[in-house]
Structure formats: structure tokens, C-alpha cells
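Here come two complexes built around subunit A, the first alongside subunit B, the second alongside subunit C.
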Partner chain A sequence: MLVALVAAICASLAFGAVEIPLSDVFGTFFGDSVPETSKQIIEVLRLPRTVEAIVVGAALGVAGACLQGALNNPLASPDVIGVTGGAGFGAMLIIILNPASVALLPISALAFGLIAAGMVFLIGFTGRGGGNITRVILAGIAIAALFSAATAGLMSAYPDRVPNAVFFLVGGLTSTGWENMETIWPYFAVGFVLAAFMIRPLDKLMLGDDVAASLGSRPRLIRLVAALAAAILASAAAAIAGLLAFLGLVIPHLVRLLGGTKSHVFVMPVSALAGAALLTAGDTLARTIAAPQELPVGPFLVLLGVPLFLWLLRKAV
Partner chain B sequence: MSDAATSLTPRTSLISRVVMVLAAAFMLVALVSPQAEAAKQKRVVAISPFAAAAMVKIGVKPIAIGQTIGGERRKPAALRGVPVLKLSHPNGPNLEVMAKLRPDVVFSSSRWARGSQAMRRLGITVVNTDPLNINQVYAGVKKVARFIGKGRRAARVNNSIRNRIRIATRNITKRPRVLVVLGIGNTAMAFLGNSWGGELVTKAGGNLVTGGASNTGGFARLSDEVVVAENPDVIVAVPHGNADDLSEVAEYIMNNEAWQTTNAVKNGKVFVSTDNELLQAGTDVGQIIGKIRSDWLKNW
Partner chain C sequence: MAFGRNPAEFDPEAPLLDARDVRVEIAGEVILESASLTLERGELVAVVGPNGAGKSTFARAFCGLRRPEGGRVEWKGVPLASLRGRRLADVRAYVPQSAQVPNGVTVESAVRIGRSTHLKPLQGLTAADREVVAQSIARAKMEGFEDRDLSTLSGGEMQRVQIAIALAQGAPVLIADEPTAQLDLGATASISKMLRELVADGMGVVLIVHDLALAAAIADRVVVMSHGRTIATGTPEAVLTSQLISEVWDVEAELVQKEGRSALHVEWLERH
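Now for the complex of A and B:
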């Protein structure tokens, strides 16, 4: 998986809408003299975008692994805890109602993703029977439906502004330099650290709540913290790359099928690598296949991921 | 008998002549009276802003027009006071309102296709007239004129449009590279040469920055790498009808990290279109080209 990621990173830096000789690509990084335009394209456009692809892909892979482990549900993804619906609504508020403040889009998407997840956690984890998996999932579905309806309402009220929103909704990275990352990186950091701390507890949770409790764990707390880590990571990912929930759903399954183990010690870090590799490769394809036009990366991820996933699924069954 | 017959003939002939003259005079009066003009004139609703403008040029007022998206400055003065119909996607005007208006003809656009079908079911003749390029403007004027029964006036209107374009495109010596972007989003949605605005900018002497992209829709989500490599001298942003946000749109583009090295940003040549002139076809083609040249391309 590491090799695949390195190959994807190299391709992402080497290929784009403008053809740049490989010597210039290397030259840029090793301080050689290269044409100013080539240098700028690599430093200001390709490098930040590649880093974004790595971080967002890894975040979605880890978020999926965390959620599927915490909710003990193979269908769990950032959709299930309302993050996707909330982030989508937050983005639409800016794109449709206040397009001039598009610089605030990542903040709004992040904030509403977290608000949606917070509402789900409030309903799912508090009161009598709080922490029940079914309750959390149903609360997530209801909150996601609420935000999706609000998004649809905004889009139908301002149909002429919808084209700009499509790119966000189908998911895609952009070449906006380091600006987004400078704002969002602390959320990624917190999410990754929380997720790392949940690796062992999630493994205990796989044995069942009673066994986990007898081993000194607190299942309800583990679920809440793991889901919180997933919510932070998925919201931060949506803030940068739009709605790419597919990665969060499929990557952990791919990793389990490839590795033949469900242990989070394996699944969590390899999901990060696989998510990063798949998103980096998909984004490179999306911005080169119809160059100079850029296509959204979402459909490419599906094209790349689904055949592999189905093949592994068939092989495993 | 024959005398009587011969004596009657001149009198009968005189009476019939008087009657004929009176009838002709009556018909002439009837034809020129404004009431008759109104009775004869078709009841026309122009949902398409182009058709409304064309009707004014032809000399006929519609009974209602569609709301204009993205600015009112181009609306002809003659249309002030004409009822404006609210439009909603994808149906266009409210069908009950249309049924009450009882128009003979509605000039619509393909973007309201679903509403057009429903209007046809109400027995209304619906004609699509929304040009996507300059050639279609001439054809559109002819179509509008024909459907309102003023076919002969189309040639005069088209000649006037042609002359204005000829004047506006004279003596172009400077051809700057121009990037025209629609709205503001995460990536640039660029106008291509086959879009309305793209064709006008090209006519005005601009070399459109497209990176060779082609798309039947006239717009393409262009890679920032192409923008940097083609280095536009002028960037024109076309917002989605948010007149209040114009300065913020320009500021956003000026601060876009990816475009900092372009001549347009370095020299402060970033402009924002304040109306729908690059999105909506009209009969004022020459005037728009003139504006593009004098305000943005500075080659006039």
C-alpha cells in the first residue's frame, strides 16, 4: 500500500493540465534552475493539492474504520452520523446564499458537519439507553435527512447558482494553494490523534460489549470517542474536498479483505494509506483525463474503487 | 321600358358608388384606429428577455414579460410598467397566471421546457427564442417578428444590430488574453468561445483563455495550471446576479493564491461584470461589445 501511495504521489506531481518535463519537476524540489511558470505550477498548484489528497484520503479511510468499528456496522460511513449532510448544507449556505464569501466555505462545511454530528451524538448517546447502536444510526439518518432537505430547499430556491455547487456535492479537490490546509489542519491533527488512541479499545469492543467491559473498557465511551474522531476527520475532509463519503465506506472493507484481518492495529493505519493512495490517484486522473478541463474526483473514485471492491468481495465470499 | 331602364341605370350606379366609397372610407378608418390595431394585435408574453427586447425594437409591446435574472439595466425603457412574471425552475411562469393572461403566443426559452409543454396543453402557442450566439440573434429577431405578424420589420431591426456591431468592432489593434469566469467557486468555470459572453469578448478583440478546452455547453471547469500557463492580461468575473457582492468577488479573485502571478492580478486588471450582458443574449450586441472594449479590454 505504501508503494501504491508513493507511485500515486509521483504521478500527482508529474502530471497535470500543463505538460512539464520530469527534469523540471525534480529540479523544482532540488533547487535547480527551472522555468518560473513550471516552478509555480508545481509549488503553488500541484504540491498543495497532492498533500490535500493524501491527508483527506487518509482522514476518510480512518473515519470509516473508526465508525465501522465503533458502531459494529459494516455499512457505517460519515453519512451515518450526519456529517455528510451537515457539511453539504454548510457549503451550500456559502455557495448559494453568499458566494462572495467563498473563502469561508471550508469553515462553514466543517462547522455544520460537526454540528450535525453533535446533534446525532446528543440524541444517540444521552438519556436512557444512550449509546445504543441502533439509536445512534437512526438519529444519524434522521439528522442527515434534515440537512439534506435544507440543502435541497436552498438549491431549488436559487437554481441559477446550483452549477457552482455541483462540484462540491460530487466531491473534488481544488488548486487553492495552502490556504485551506492552513485553516483545517488542526482538526485533522485532533482527529488522527483521537483515532490512534482508539485502535486498541476498538479491538476490545470487537469481542462484544460484555467482554470489553469485563476487560476494564467502557464500551459507551469508546463508541463516543471513536465516533467523535470520525466526525472531526470526515468534517475536515468535507471542508477541503466536498462530499466523498464513498471512500469512508469502501476503504476499510478493502483493507480487511486484502489483509484478511479485522484488527484495528492493521485496519486503521492501512486504511489511511489506502485512502490516501486512492484519492491521490483518482485526483490525478480527474484533472488530467479531460485536460485542460477538470472533472470532479468523486466519480473517478467510484470507477477505481468499485471494481476492485467487488472483485475482492467475490473472492472473499 | 327601355327608357325607364336606361334612366334607372345611372342612379343605381351612383348609389352603388356612394356605398362603395363609404364602405372603403369606413374600412380605412377602422384599419387605422388604435382600437382595431389592439384588436388585431396578438397578445404576446415574452418570458425570454431577448424576445422582449426584440419586440420593443419591432415596435410592439408584450402584455407581460419574464423576470430578468442578473440585472435590470439592459431592460428597454419601453418595458417599464409591463407586468413582470416570476419564473421558477424548470417550469417558468405560474401556469394559472398564464391561463388567466390568455396569451396567443409566449416567447420562452429551452430552459423552461417543462413549463412550455404545460402551456401548450393549455392551448397556448409557445415559441423558443433564446439565442446562444450572434447569428442566432438575427434568426431570433426574424422569428419574433414573424410570430407577431410584423415580419417585414425584422430586416430593419437586424440591419440596425449589424451596423452597431460593425461600429463596435472597428479598429481593434490590441488583443489581450482574457479569462472570463462564471460565478465564483473552488475552481474556475471558464467561458469558452461558443458561449454568449465568450463570443462577445472575442468579437471585442479578446483572446479567450481556454487552454483549448471545448464543450458544447460553452463553459468548462478549467485547470488552474492552464490559467497560470496562459497568463491572462485581463480577468472578468461574471457573478450569479449578486449585485451587492461585486467588490467582494473582485477581491476574492485578486487574492486567489493560484492566480497571483497572472498579469491580470499583478496589474489590477480584474473586472466584475455588473449585469447579465455576458450571460443573456439581447439585441444590444454592439453596445455590449463597445462596453467590453472600453471598460475591460481598453482597446477602444
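Now for the complex of A and C:
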């Protein structure tokens, strides 16, 4: 998986509307003499985009692994805690109602992703019987529906502005330099650190709530923190790359099917690597296949990922 | 949270477990009215009683899985309420009635999870931890099964893995809720023997069990529960009298023990 990631990173830096030889790519980093245009393209356009692909892919993989572990449900993805619906609404608010301040889009998507998740947690984790998995999932579906309806309402009120929104809704990366990452990176950092500390608790939870409790853990708290980590990571990912939640669902499954184990010590880090590799490779393909035209990476990844996923699914059962 | 406070020291002289007048309400309903139990080192105590008497609720309450509404529970002299996380895991291990069986997890990795309280976050198992994991698997008689997937195990094997997970925790007390309820005669006998070996090693074991003949054969003391109360405690011979069985279970029966064998002679149908 590490090899795949390194290959994807090299390809991502080398290929695009302009092809740059790998020797020049390495040259840029190690201070060798490289044509100035190539150096510019790599430093200003491709490196930020590649880093975004790595971080967003890893975040979605880890978010999916956290949620599927926390909710003990193979169908869990950032959709089920409302993040996707919330982030979509947050982005639409800016794109449709306030297109002049498009720089605020990532912030708004992040904020509404977290707000939606917060509402789900409030309903799902508090009061008597809080932390019940079914309640969390049902609350998530309801909140997601609420935000989707609001998004649909906005879109039908301003149909002429909808085309601008498509790129966000289908998910994709853009070559906009470091600006977005500079705002969003602390959220990724917090999400990844929380997720890392949940690896072992989620393994305990895998053996059942009673065993986890016997081991001195509080199952409700594990669920809440792991879901929180997933919400932060998925919201941050949506802020950068739009709605790519499908990755969050599929990557941990790919990793489990390929690795033959459910242990989070394996699934969590490998999901991060696999997510990063898949999104980096997918983004590279999406912007080279019809260059200089860029295809949105979201649908493209689904096209790539679904056959692979279905093939593994059949092979495993 | 015990942050910033000096946690109370365990008292090596105190009983392993001392639970008194434990009371539990669920949704305003009294499930457990007043239940008491003490456990010493090297002792196996069986908790018996009809369905719904509150045995499992009592065990979950004194293990800290569910906060009791009243009463007092002390583990080695330290109140349950002040025990959290690692310190609670260090003093008792709880084996649930029915196990969650994830596929894609081997016996060895499951038992390693049982050792995880001894590790710092993000830190791996040391050689000593691996040794404890191997010993736990051996004590639970699961050697040779290390690489088997949990989903391929029989009921008896799965129950032994659950006990191995609990042993890896390294606590001096094991609480097992009906470990033999679903098992055949041979598996029941082998689990019983294994529990007695743990007791011989100095552990304290609380066994929640339905089978009175089994309880009488393997327990040092028996605690009888009925309608949310512990109503009798003592040696099996002293407690499980025909009169008590008649009162609690409403069945005419006699416990017969002879040369290490035990049987419950039950009058299944009324004589005419």
C-alpha cells in the first residue's frame, strides 16, 4: 500500500496538462537545476494539490474506519452522522446565496458538517439509553435528510446558480495552492490524533460492549469520541474536496477484505494509506485523461472503486 | 475522574470483593432490592436463583458495568465508585453471558486485546505481555487454536476464548455469567475443571449458574437469590436443602452428593 501511495504521488506530481519528467520532479525538491516553468508548476500547482489528495484521502479512509468500528455497522460512512448533508448545505449557502465570497466555502462546509454531526450526537448520545447504535444511525439519517432538503430548496430557488455547485457536490480537488489547507489543517490534525487514540479502544469494542467494559473502558465514550474524530475528518475533507463520502464507506472495506482482519491496529493506518493512494491516483487520472479538461474526481473514483469493491466482495463471501 | 487525586490504595488484607445491600433500578422499576456477596482469594462462589431473580444484574452492578442505585461495593477495600479504567480492569474481569463474535479476528489477537489495558496508547505488546497472552491461552486450554478465526469456534471453545481474554487482563477475580448455559455435558465439565484450576492458583471466581448440581459440585460457597434479594449464603450442603429449593423454585427436589459426584433428584411430575 505504501508503494502504491509513493507511485501515485510521483505520478500526481509528474502528470497533468503539462508532463514533467520525474527527474525534474525530484530536482525541484533536492535543489537541482530544473526549468523554471516546471518548478513553478510543481511548487505552486501540483504539490499543494497532491498534498490535499493525500490528506483528504487519508482522512476519509480513517473517518470510515472510525465510524464503522464505533457503530459496529458495515454501512457506516460520513453520511450516517449527517456530515455529508451538513457540509453540502454549508457549501450551497455560499455558492448560491453569496457567490462573491467563495473563499468562505471551505469554512462554511466545515462548520455545517460539524453542526450536523453535533445535532446527531446531541440526539444520539444524550439522555437515557444514549449511545444506542440504532438511535445514532436513525438520528443521522433524519438530520442528513433535513440538510439535503434545505440544499434542494436552495437549489430550486436559484436554479441559474446550480451549475457552479455541481463541482462541489460531486467532489473534486482544484489547483488553488495552499490557501485552503492553511485554514483547514488544524482540523485534520485534531481528527487524526483523536482517531489514533481510538485504535485500541475500538478493538475492545469489537469484542462487545461487555468485554470493553470489563477492560475498564466506557463503550459510550469510545463511540462518541471515535464518531467525533470521524465527523471532524470528514467535515475537513468535504471543505477541501467536496462530497466524496463514498471513499469513506469503501476504503475500510477494501482494507479489511484485502488484509483479512478487522483489527483496527491494521485497518486504521492502512485505510489512511489506501485512501491517500486511491485519491491521489484517481485525481491524477481525472486531470490527465482528458487534459487540459479536468474531470471531477468523485464520479471518477466511484467508477474505479465500485468494480474493485464488488469483485473483492464476491471473492470474500 | 481520579485526576489530581491520590487514588486509594488496595488493601491486601480486605476481601477481594465485598458487596453489601446492592440496589438497582431500571426505568423506575426495582430490579435488585438488596443483594450481598463477599469473595476471598482462592474461593469459588456460585450465585444461583430462578430466572429474573436478578443474578446478572447483581453481577453487572458489582463489576461496575452498571452503576448501582444503592448499597456499597468494595474491591480489595476500595469503593467501586472510585475505580475507573485501568484500575478497575486490574481488579476484576467479567466474562459476559453471550459473546460478540466478530469474524476476521483470530483467537490470539482477541486475547491480546484483553491485555491492552496494560499498554500505553499507541504502544505495542512487550515480551512480558506476549508471555501473559500465551499463558492465558494455555490456562484456558486453547493452545493450538491461536490462529483460528473466532467465527469458526464451537460454543465451548468460544467460551474458553472469552475466559482467556479475561485472564489476559491479569485481574485476581473472574466473574463469569452463565459460561456453561449453552454448552454440552463434556464442554461444561471441562470449563468447570478449568475454573477450579484458576481457584487453586489463588484466584477468586464468581460463577452465575442455573445448574444446582453443578453449583454444588464446584462451588465453595453458594449464594441464593430470589426476587432481587440474596436470601441465603453458605456451603452447598448447608444452603441447597430440599426445603429451600421448594421455597425458591417451587419444585420438590433433593440434592445428592456422593464421592465427588452430584445430582439433583427432581420430582418432575406430581405423584398421584
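The rule we apply is simple: the second predicted complex is superposed on the first by the 314 of 317 C-alpha atoms of A that agree within 3 Å, B and C clash if a C-alpha of one lies under 4 Å from a C-alpha of the other, contacts with A are read in each partner's own complex, and residues count from 1 in each chain.
Here is the rule we go by: a contact is a pair of C-beta atoms (placed from the backbone, for glycine too) under 8 Å apart; a residue touches a chain by one contact, two chains touch by 3 or more.
No experiment lies behind these values; they were computed from the predicted model shown.
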Original post:
Touch check for A:207: first (subunit B), second (subunit C), both, or neither?
Top reply: second
Original post:
Should A:311 be classified as contacting the first partner (subunit B), the second (subunit C), both, or neither?
Top reply: neither
Original post:
Taking the superposition as given, does A:262 touch the first partner, subunit B, the second, subunit C, both, or neither?
Top reply: second
**OP:** Figure out whether A:29 sits in contact with subunit B (first) or subunit C (second), or with both, or with neither.
**Re:** neither
Subject >> subunit A: partner with more touched residues, subunit B or subunit C >> reply: B
**OP:** Tell me which partner A:215 touches in the superposition: subunit B (first), subunit C (second), both or neither.
**Re:** second
Original post:
Which parts of subunit A are touched by subunit B and by subunit C alike?
Top reply: none
**OP:** Would you mind writing out the residues of subunit A in touch with subunit B in their complex?
**Re:** 16-18, 36-37, 40-41, 44-46, 95, 98-103, 105, 156, 158-161, 163-165, 167-168, 172, 174-179, 287, 291-295
Original post:
Which residues of subunit A touch subunit C in the complex?
Top reply: 128, 196-197, 199-200, 203-204, 206-211, 213-217, 256, 260-263
Subject >> Residues of subunit C defined as touching subunit A within the complex >> reply: 27, 63-65, 84-90, 92-96, 99-100, 102-106, 109-110, 113-114, 116-117, 119, 121-122, 162, 165-166, 169
Original post:
Can you list the subunit B residues touching subunit A in their complex?
Top reply: 69-70, 88-90, 182-187, 189, 210-213, 215, 220-226, 228-229, 231, 239-242, 245, 248-249, 252, 255-258, 260-261
